[in-house]
Structures are given as C-alpha cells and as structure tokens.
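Two complexes follow with chain A in common, the first pairing it with chain B and the second with chain C.
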Partner chain A sequence: MSTVELAGADSRSAAQPPARGRKGSSRSTARTFFTPGTIIASVLLGITIIWALFPGLFTGHDPVDGGDTAALLAPSAEHWFGTDQIGRDVYSRVVHGASRSLLAALIAVGVGLVVGSAIGLIAGSRGGWVGEVLMRIVDVLLSIPALLLSLTIVIVLGFGIVNVAVAVGITAIAQFARLSRSQAVTIMQADYVQAAYGSGGTYWSVLLRHVVPNAVSAVLALAVLQVGSAILQISTLGFLGYGAPAPTPEWGLIIAEGRNFVATAWWLTVLPGLIVMAVVVSTHRLGTALRKAAE
Partner chain B sequence: MSPTLRYILSRLGQAVLVLFLAFTLAALLLMILPGDGVLARFANPALGLSADQVADIRDSYGADAPWYIQYWQSLVGFLQGDFGFSVNSGAAVSTLITAALPSTAVLALCGFVAAILLALIVTVLASYGKPPWLANVIDSAPALFVSVPVFWLGIVIIQVLSFQLGWVNVVDPGPVEALILPTLTLAIPLSAPLAQVLIRAVADVRTQSFVHVSRAKGASEGWLLVNTVIRNATLPALTIAGLLFGELVAGAVVTETVFGRNGLGSLTAQAVANRDNPVLLAIVVIATIGFVLVNLIVDLLYPLVDPRLRHRGRVGRAARKHLATSTADPAGTSGAVGAGTAGAPGNGTSGTPGTSSSSSEYNPDQNSGSGAGSHSLDRTARGSGTQSAEESSS
Partner chain C sequence: MSSENRGRGPASRPTAAQKPASRGVGTGTPEKYQSRIGIDYSIEYPESFARAAAAAGAVPLLSVRDLGVAYTTRSGEPSAAIRDVDLDIHAGSMTAVVGESGSGKSTTAGAVIGLLASNAQVTSGEIRLSAHGDDPELDLRALSPREWQKVRGARIGYIPQDPGTSLNPLKTVGANVAESLRLHTGLGSAQRRARVLELLDRVGIDRPQMRAEQYPHELSGGMRQRALIAAAISLDPQLLIADEPTSALDVTVQKRILDLLDELRREAGTGILFITHDLAVAAERADDLVVVRDGIVEEQGPARRLLGRPESEYTRRLLADAPSMQTLVGAVAAPASSSEYNPDHSGTDRAALHSLDEENAPAEAGVGSEESRTTAEAGAGSTERVASAGSGTPASAAPLVEVRGLTQVFARVPRDEDDADTTSTTAAPASPVTDDTAIIGIEDVSFTVPEGTTLGLVGESGSGKSTIGRALAGFSTPQSGSIRVGHYEAESLSKRQLREFRRTVQLVHQNPASALDPVHSVGASIAEPLRNFRIGSKADRADRVAQAMERVALEPGLASRRPRELSGGQLQRVAIARALVIEPRLVVFDEAVSALDVTVQSQILDLIQRLQEELGLTYVFISHDLAVVRQVAHTVTVLSRGHQVETGPVEQVFARPEDPYTQQLLAAIPRPLDTQVLDLQALSI
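Take a look at the complex of A and B:
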C-alpha cells in the first residue's frame, strides 16, 4: 500500500523526512556547537588559513633568504619568533609554511576521503562478496602500523611534500571506509531507500541521491578531525627529512633544522612547535564538535 | 568448549590471512613495483664495477627473476626467518634487526610501563583531584598530549630537563640515564589515549548503581577505586591496545631519531633515507606481525576479562539481562558495568570508533558484515581511536 502511494511521489520527497528531522534540531545543535572552545579553535584555524592564503600580510621578512640579519637573535618586537642560524625570521618561515602544511593536509584528507568513502559506500550498499572483498582490503591497510605504511609509500613514490601527503592520505583510507560503510549500511535499511527502490530507483541513483547525501555530514566531520592528524603526520615525515627539501619553509622541517640549537636558541623549535600543536588541537576540537553535531 | 575452540581457530585463521595479504601488499610495493633497484644502485659508473660484477650482484639479489619468482622466494625466505640482504650495506637484514631489537625492546617496554603509570595518575587526578578546577585542567591534558608532535616533544624535553635544569645528561649519559628522556618522550603521547579512555570509563563506572550500593554499605572511595572502578575500566582500556602498539612503533622511530639511539626505529628511518627496500620490508612485516598478534591476543582475552562474553550468541541481550538482574550486586560488577558501557546499543564504548555499532562489537560469533575479524581492527582504527577517545574526554 505504502509503496503504491510513494510510487507517485518523486524520490526527492521520499528523502525529505530525515532531512526535515535534521533541520528541526539544527538550532539546538548550533547552540551546543558554539562553545568558547570551538570559537577559539575556529579563530586560530581561521588565522592559519589566512596565513596560508596571504602570508605577505603578516610578515615583511623573506622566509628563505635571511639577508644580512644577524643569526640566532632571540624573539623581539622585530622578530617575533627570533631568527635562525642564517638570519631568517622564524615567524615568517612559520607563516609561509602554513600554505604548504595546510595544502598537504588537505591533499592527504582528500585522498583518504575520496578513496575511503568510495570503498565504504560501495561495500556498505552492495554487501555480498564485493563488500566483503573491499573491507578485507581495508583490514589489510589497517593491519600495517600507520607510520610504516606511509613510509612504505613514500619510499615507492619518492620524497617530496605531495608524495608525503598522498602517503598519509592512504593511511586514512581505512577510517573513511569504515565510517562510510557503517553509514551506508544504516541508510540502506531506511524506509525512504526502500521507497526509492519501490519507485523504480536503480542502485546507482539510490546511492547518489540518498546514501551519499545522508552519509556526507558524518564523513565530513571525520574529515575535519583528520586534518589535524594529517598535519601531525606530515610534519613528522617532514621532520624525518622525507618531505620538502631544505630551504622550503615546512613546519616539520623548520623544527628539524632548529634542533641543532636546542642548547642555545630554544625559540627555533619551541615556537614553531607550539603553532603546530595549536593548529592540531583546534582541528581536533572542531572535528569533535562537528562529529557530535552530525550524530 | 567446541564453540570456543572454533572461535579461537577462526580468529587465528583470519589473523594469518591478514598477515599474508599485508606481506603481499608490502612486497608488491617494496620489491616488485620499484623494478630494478639493484641496477639503479650498482650501475653507477662511479662505483667502478664491471658489467660482470654487476651481473653477479644482480644474480645474488635475484633481481633478474620474474616478479612471481621473487615474490615466492621472499615469502619462503620470510617464513624461514631469512629477510634477504640490505641493498645499502650488504649485511643480512636479519642480522641488522637482531642487533637493533634489544635496544628498541627495552625502550618500548619502559615507555609502555611509564605510559600506563602516567595514564593512571592522570586518571585518578582528573577523576578525584581537588580542587575541582585542578581536576578539570588535568582532565584536558590528554587532549593536548594527543596533539603534540612527538619529535618536538623530545626536543623540548631535552631542552628543559637537560639544558635548562641540568637534571639529565644527554651529552654523555650512562646506559640508564640515556633511557630516561626517550622513555618520557615515548610515554607522554602514549599515555594520552589511554588516560582518555580510563577517565571516561571511570566516569561511567562511578554512576553505576552497584557503586552507590557499595558506598552506602560503607566502602571508602579508595576501596571503590581499586576494587570496582579501575577493575572495570580495564576492559575499555584493552580496546585500544592495538592503537597503542601503532603509537609505540611510530614513537620509536621518532624518539630514536631525536635522541640518536640505535634501534629498530632509527634503522627504519635510515632504510627510508637510503631507499633500502629489503630492510624496510622486513621491518614492516615484523611490525605488522606484532600488530596483528596484539589484536589477536586482545580478542582472545576479552572473554576471559569479561564474563558476559562467555555467553555465546546474542551478547548484547545477554548482557542487558545480566544488567537487569545483577546491578545491585557488587560481586557481579564486571558484568553489570560492561553492560552499561559496552552493551548499550548506539552508545559507543570509549576507545571504539563511533563508526561501528557497539552492541555487536563484542560478539565474537558475529560473522555478518565485515566479519568478526575486522572488529578487532575496528577497535584499533588508528587515529580514530585517539579521536573518539578525545571526544570522550570533552
């Protein structure tokens, strides 16, 4: 009976009940989302993004060429984070490094998001041997410790920040696949999916019209969470020397270059590290809040 | 007994299958795909090798054989403990690894024990600390520790403890002194997810009615902490054992590099820097064996730690029934608490990525969907364990 009724309605209206339910709770969600913690996190992330887009607005110093500035100056009004062993302004290097580190993190999360979600959505909506095989691949990806998996991929692809980003992204595939699979499994059991099939929907139309839109908020929340982990992993690989080559301002590399001066020039490592930490904490905070809002 | 045995065997089979596939993936990436690594390294004219010598070297590495022969030979070799030879130094990989292993094992063990101690201290202070604001500050510490770049932490620890305060000598330390700072560096990030899970678990357990009953009967907070709360919090902590192993591996690589220690971690870093694929392959395979073993052991331990899991079949329901009958009985604590934290559907256990439905999470017999084998990996989903653990603390 219900199938007959719904057969006339187009599948978009069949998808509306869950969408409306979500809209109804959005006001209270917004209230719980904007806590002091998430506001501070948003501001910090916002500053970092502007650093990445317009580094020239924040610093007049050249990040790569120190010129005739004295080396190893302590932090001052002129050089907020001091200068390094060849007179480069460390604050300027951190600001200019933001674009590289954030872009690399976006590439990494993008790889994980696209590949992982595709695997997970197909596995969750198809089931059967296709789903079984796909999730076994995910199991294998998960069974190799993340750092070693990314090192394996870096050794194959070669060094460089884009390759490092791709390697980190591949380690994130498994998580996106698991999340989107569980989302897809839940969604496929919903009445509106049954209705969409009943009204003549094909597998792909149901997948694109119902499964993907309804899974997207949870997956995006995970993506924001992953940005922080990606920044952390990329800076680790950069520190180990597999990322950008030497003069490039990249966060992990900046800290690696400063470590020979721990005894004399603490600012070379401490201040850039604090920035990395603040950005990672902020994205974790926001991602966690978004994930709660998505639930 | 028979279903138990079947469960153990099926988990064992899954572990072996995953290991085999992981080896295949790593071998494909590191051996087959690069094509002619030997030629690239030894055909360099600066080495002054004649064509015959290069041919000999190629022969000794088996580089001319078709890929499936190479794959088969290395598979057989790995099964026999022969990991081939380093492209960089020519030494047998197994020799390199046995030489590096003890130092890393000591470091990992110290770091792990220190992390557990640290996590327990943080948990007790965050849950019972006074005044409340101090407890709150400590409560948010793990979220911060998760976000610390380990390499940076190591450098800062050297800076503060060694150069500023002069407590530990890093320039010319004795064997024990040399272990202090790396252990600390390894332990702090390792303790964070553990502390997050424990804090959440303690908060859950403390609201259980059997705790109120015990307290009403006159039990002191200290007695409660040791006898019911910590005991029941160990189960959620077990769920992140795999995650901790992964952190330990990553931590060892970074820590040994920062502190200039010789070990598996620095061997890994050098292998990547020198493109020494055979060495990296061996390390990846060994670490994966460790990782899969940890997950296997945890899976097999569950039914021992949590009596509810000895019920076969619909564990969630059995647990809830258990909960209904035994909440007020402190003797049945583990059953009751487990049901509260793990059995409730849709209420993700701390440490378990929110992606999986927790009511079936602990059901060893469940074979639908991604299969029981993947559940152990579910729990260890790297990163997301940290994140969901972080979520639990906020």
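Take a look at the complex of A and C:
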C-alpha cells in the first residue's frame, strides 16, 4: 500500500515541471538518455516483454498443472524459483503471468492516458466554466485514495483482469488530466497559438495541430512512468483477490498464494516479488529518463 | 571544480584551469569598507583632461590579458567561448564590451567576477585587480572560493541585467540593498539602515525611508535598477561590472541610469566594465570599446578612435547596421555628398536622409510644415510627404486604416510612482506630458494609415502600443472607438467575419522563436494560413510556400527544417513569410525586430521595406526603438501612458518634436553623434 502511494506521489511530482523546450542537439539528448541505468532498465523490460510474447521459449513447465512434481521444492537448476504448494513451477508461472500483467498495465495506462489527457487538454485550452467543472471532477477523483477507488470500481464492474485494468486506469485519469491541463495552459499562452488563430485557425484546428503535438511528449513520458505503478497496483489487486481467478498465472496472485508458506518456502513470495519490483523500477527509470529528454 | 589542488598565493600560477565553485558569504573588517561615497570628490575637469590624467595614472584597475574561457560539453571536447581577450579598465573610466548575442561578452564578465557557469573554465590568460587602499593586488584566477567571497561585492560590484528578477521579492528593498553590508561588515542594524538610506539617496531614489520599506514589485523598473546599483556600490567597490544594465529598460529610464553610472564613476573613481549589445550606448558613454565577435576581440581602443576610424570590417558593419548610429555613419561617411542631397532618393537611402534631418533640420522646413496633432491633418501631412518622396510609394491613396477614438482602459492609476523616477538627481528633463491621470491601456487614440505606407507606433513599455496592435489585428475588441481596415469595421466583427478579416490583417510577433510552433516544420507553419482558409491543393500550397520563402530571401529547401534549426533572423523571415502567404493588405509588426541582433535587424528592416515597395503593403510598425521607427516609418504616432501625444510625418516629428514627451524621448536616444562630430573634426584636422 505504502509503495503504491509512493510511486503515485513520485510521478505526480515528476509531472510538475512542464516540458520546457531546450534546444539541445538530438545527439547530445541521446547521449544523456543512454546511461548505464537506463540500459539495464531497458534490458530488463525487454526480457519481460519477450516473456509476455513468447513464454514457451523460456520454460518447459506447465504454469497451471504441476503434474506429479513435488510441492514446495527449493530453487534449483530444474525449478529456478522452486515449486509451489501443488507442485507448479513458480518461474514458469511468473513467465506466463508476464503477458497478463503487462497487457493489463497497458490497458490501464491507455485508459488513463486517453481519458485523462482529453479532459486535461480541453480544460486547459477552453478555460472558463468548462475547464472549472472538468478539473473539479478530477479533484474529486484525486481525493479518493487510489486503492480504495480501484477496489470500488472492480466491485461494481465485476472481478477479472480487464476490469482490474480499467479500474486502475480510472485512478490514473487525474494525473494525466492535471499534467495535460498544465501543458495546455502554457501552450495556449504561446505566441504560436496566437499566430495560429491569427492565420485563421479555429479552436479545434489549433487544439489538434498545436496543443496536442506540443503536449504529447510530456504526457507520454508520464505514461511510461505510470506503467510501473499500474503493474504494481494490478498486482496489489491480484494479491487481494480482486484480479484473475485462482489457477491463472498472475503476478499478484502468485505472491498471494505463496504468502501462506512464507516461513517455510520464502522463495514463493520473494522471487516473484523481486521480478515485479525489477519491472516497476525499470519502467520508472525509463519514464524519468524520457521525461528529462522531453524537457 | 575542486579547490584542493589550488595554488597558494596570488603569485603561483596553477596549471589546471579552475574556478571557484560557489559564491558565498565572507567577512571583512568594518573599517576597511567605510564609504567614501558621500564625500564629493568631483572636480569638473574638462573631459579630455580627465582622460589624460587617467592614462597617466598608468596602472589599470583591472587588467585582463589573453583571457580564454572554454565550455566543456558532454562530448568531452571543450569548446572555446572566448579567446585572447585583453582588457584594461582605469579608475573612473568605463570600458564597454560590445557584441551580439553569443559573442562571449557575458562570459568575459563572468570570468572577471569568477562566476562562470559550472561547465566553463578559464583556460588561459590572467586577470589582475590592482591594489586599492589597504587591499592588495590580486590575481583573480588564483583565488579560492573563500578569498572570492571577500572580493565580490566588496571590491567588485555587480549590476545584473534584469532588475525585474534580480531583487529578492520576499525582502524589502532596504533589506535587499543591505545584504552585502550584512555579509561583509560588522555594522549594527541601525548603522546598516542609515547606510542603506544614504545609498538609496545617493542613487537618486526619492524618499529613501519609504522606499526602503517597500517591496521590489512596488517600484518601477528604473527604480529597481537604481536599488541594484545601490547594492552594488554599498561597499564602495573599485570596479563595477554592469551586465547589460539597461537592456530591459525604456530609453528615457536608460538615459537616467547611464547618467547615474557616469556620475558614480566620476565621483568615486570607480572603474566600470560595461557589457552591452548596444553599440550606440557604448559609444555614447564608454571611454574604451572592445568589440567582440564569436569570442574574439575584433577591435578595441578608445571609443572615439574606434567610432571615427573603425579598422575592422565587422565594426564598420555594426556601425552601419545600428539604426541609432546611422546619423553618425552618415555624417562620417558622406559629409560632402550630403550637400548634393536629392529628395528623390529618400526611398532608397533613408539613412542619409535622416542624418540630414538631424543636422539640416531648418533647411527641410518645406515638408509638412503645418504639423498638427489631429489625425486628419496628420494623414494629409503624410500623404504630402509620400507625394514629395516620389519614387518608392504610390502617391496619395485613400487611407487603408482609420482609427478613431480608440479606447481600452484596463485601469486608471494615480501617477506618482514613475514621476518620482523622473525627478531624480540626474539631469533628465522632468515633467512628463499627460495632463490627467495615467491609465493602463489606451484612451482616445486616432490615426490613419494611407495604403502603401508605414505608421510607426512609438512609446515606452506600458504606453499601450501593443494594445493598439492587438486591436488592429483583431485580437481584442476595444471598449469604444472605431477601427476601419479596408471595408472591415474591426471593432464589431462576427466570428465568421473575423476569420475573413484575418486575410486582410496579419500580425508579426516580437519573438519569432516563440511565434513558430516548435514541432512543425517551417514549411508547415508557412502553409498553415493556406490550410486554414482552404486555399489551393496540397501541391499548390507547396508552390505558394516556396514562393513566399523566396520572397523573404529564404532558400525553399529550408521548408522541412524545424524552427530550432534556424537562426533568429531566418525565423523572423519565416514569420513574415507566413504573414504574407495569404496576401494581406495590412501587416502589424509588434516589436518585430527588437529581439534581433543589430546586423540581423538591419537585414529584416531592409526586407520589410523591399516587400512594401514590391507588394504595396501597408504597415503598422510598433516599436520602442525610435531609431528603428525613423528608419522604416512614413508617419509616426507617439504614445505616452495610453495617450497619443504626437502624430505626424516622421521627419517632422523627429526633427521638430512639438510635444515635450517626444522631445524627452528623442533626447534619451544614445547619440554619440553630438559629442563625436566635433571630436572627429578635431581629430582629423
């Protein structure tokens, strides 16, 4: 829970400075972007994505059916992360779970990105009572704790990984709206927007041609940042039992099932937990680097 | 930037380039910094006499030899920002470093005061500050951060560029000024306060008690700059570094600040290192000029020699391009040809014409003799002038623009703040003109612009000139009054009409870098009006864009570039091309050349004038720079605090200003001419 809060707070503060156009050459931008940290992060994230796309390449074990394998085996060359209480290979479950977790995270971020930036851009460029009303709605969203909000939404929508993703996405709307609104407000004050109106532009042509392209880099950087916290939130919901039903390999669920054996078989929770952590930290690292590059 | 391996003592010459990492606090003995200011040392020597004495004094206050500064970039290759810069500043004299943006002039100042950016290093040369009273001679390159603390503020004062952002807004003006006293002396708070009041009084701030209690935002820009000067001289430094101290100020305020600096150096014998991009200011005030370009000294020497007989090609170009210097250049370059002046050349050689106006004003009395402030007559006068000018512009056309009683008042303010600045110790003529309360906005402005001519709108910041520009371009609806452009009544347009109106009127912004969308290619920016009005097919638009670019002397191949890949001058050409691509009849230039370097500015002005002749365009040219307006405008309207104070043909207004405010504005233009012409004659004969 506290981790969720932290990640949220972090990305919120990251959202504060709007992208200020710095005129560095693209080569030096590339050089600042590829630090050892971002390279490691990209590699880790790349591996996870390949896991999600081709899980069969990485493991021969069945993630759902343990067969006659002994339960609660310690990590070994055969079973890297050991086996769980009914003899399933935990590494295999983590690999197969990647696709679900990543897909859910993408859906969540997509929902937040599209809805949030639409609200924010219109609020920021329109101003007036339209903007006020939209942003007050966003304030309401922001005032409800993210976990509580997503739990409520899952209960309303029904259980299941897609619903969880949508719920997490709705909690992310507020941040996207606030960032894109602040972007839109600064962009609307720019001379080039006035010049665009001056050359006969209408509200929608200015919004689509000038405001959106100029706001997009900062918003996309936030989106990458949000992927990490979405994975975390989805795992949290899975852990609490709101996600995929039991036999499905899903990261939160894997950790939740291993929880009962923490004293005797620590690897069931710790190793999948480390994977989740590595992925979250990697996306966060990349998101931060992208945001800096966007500025 | 480590300070550990630093050489000890001023004499040792460390091999590695170094700079102190931080500025900080230091302490000094209170006695040492007791002020001499307040005691009037000034004796009215003739100027030349004083200079001779200074030269005889031999040891310069500050001596910079072969200074080189390099910026390390991420690629590891250090790039030299300045190379082989030599400078001498004598006590009581002013040395101006003049250059365009990016020429390294601020880097020079930063190196002298030890405040370079963290990725910059002094790579070669020496910087020496001479002994002064009890203070020893110092090698400024070898100082540790701790030693620097005792030098900055105490021995070298610094006046920053922008008075708007250089005072701490959370502290009172008094506390801001007292800061270096607090850091460097052991004065008690009562003594400090007394000293601050003395200083504020010294720099010409009236009612110091009251001002010291005010916060920076309550003071005008000129007064804030005075407060900064007070802070800079609080410890009576031997050297003042003024980094573009007047660039953010209006021309009349600039004059007063420059007068104050002159007074300070005369009385206290302070040497001033003056950094500026404005050759006219430097030429008017400085004893020695150093012209830098791309980090190399192009030319240096006494101001008179350099202005009278510039040796470097670049200096000559700078002189030729600076609008306010053109009188000077005209006088120097063609004293003989001025007698065979022919009115028919006015379209092609305005510089000569203006120089003539300056000197032979009475001889020109034929043009627009019945000057009047009413617009109808002003319009007539300008038409008359156009007719007499003959060649370039179509004679007597119906006015394209007719503005009557335009009023847009944002606020009325009781006017005492700014006047306080006027009635200062400096010798500026007081009493601005407006009779009633000052307003923010504009009130009862009327003028006409005949087709094919240029109206200059001149005024200081806050005079309302941009408000008029915005109303003309259809960006705001005035509270009352009428604006007619062609057959449009701009003050009462429906949304649909407004869009059509934009095909008639285009606005060119001050800063081209911000007026072009950074994510669009410049070609797309130029094509945008065509897309908005659905003119032509896609291929057709590309042709028109190429044509428009050729018209503004840009290579059409640049169309695919992004704005950040182009220079400021090229960007302004793009902005002009965008304005012209839908063939408007009226173009409003809102300070369109103010953000550009002089050489670029002169090219853009040439372009604007050429386009007017080719396309028969009508311009409204808004500028704070009278020299620029004089160069491009046919008629001029002078604004002061929202009121129109004078309108007339440009020659008439500039040669024989009627209104005291106009006179004051004109007097404040830095004008090396007045002093230089005599000197030049004396030198050459």
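The rule is short, and it goes like this: the second predicted complex is superposed on the first by the 271 of 295 C-alpha atoms of A that agree within 3 Å, B and C clash if a C-alpha of one lies under 4 Å from a C-alpha of the other, contacts with A are read in each partner's own complex, and residues count from 1 in each chain.
Going forward, a residue touches a chain if its C-beta (ideal position, glycine included) is under 8 Å from a C-beta of that chain, and two chains touch if they have at least 3 such contacts.
None of the values given here were measured: they were computed from a predicted structure.
Once chain A of one complex is fitted onto chain A of the other, the partner contacts of A:276 are limited to chain B, with no touch recorded for chain C.
Of the two partner chains placed by the overlay, only chain B lies in contact with A:135; chain C stays clear of it. Touch criterion not met for A:166: it reaches neither chain B nor chain C.
By the touch criterion stated above, A:198 is placed in contact with chain C alone, chain B being left untouched. By the touch criterion stated above, A:214 is placed in contact with chain C alone, chain B being left untouched. Within the superposed three-chain model, A:122 lies out of touch with both chain B and chain C [touch as defined at top].
When the shared chain is aligned, no partner comes close enough to touch A:44: not chain B, not chain C.
Touched residues of chain A, counted separately for chain B and chain C, are more numerous for B.
Overlap of the chain B and chain C interfaces on chain A: none, as no residue is touched by both.
Chain A makes touch with chain C in their complex at residues 21, 23, 28, 31-32, 190-192, 194-202, 205, 209-210, 213-214. By the touch criterion stated above, chain C contacts chain A in their complex at residues 73-75, 473-475, 499, 502-503, 506-507, 509-511, 514-520, 525, 528-529, 532-533, 564, 575, 578-579, 582. Put simply, chain B touches chain A in their complex at residues 18-19, 21-22, 25-26, 29-30, 33-34, 143-144, 146-152, 155-156, 158-159, 163, 245-246, 249-250, 253-254, 257-258, 268-269, 271-273, 275, 277, 280, 283-284, 287-288, 291-292, 353-357, 369-371, 373-374, 377-378, 380-384, 386-387, 390-391, 394.
Interface residues of chain A facing chain B in the complex, by the touch rule stated above, are 37, 123, 131-132, 135-136, 138-149, 151-156, 171-172, 174-175, 178-179, 181-183, 185, 222, 225-226, 228-229, 232, 235-236, 239-242, 252, 255-256, 258-259, 262-263, 266, 269-270, 273, 276-277, 280-281, 284-285, 287-288, 291-292, 295.
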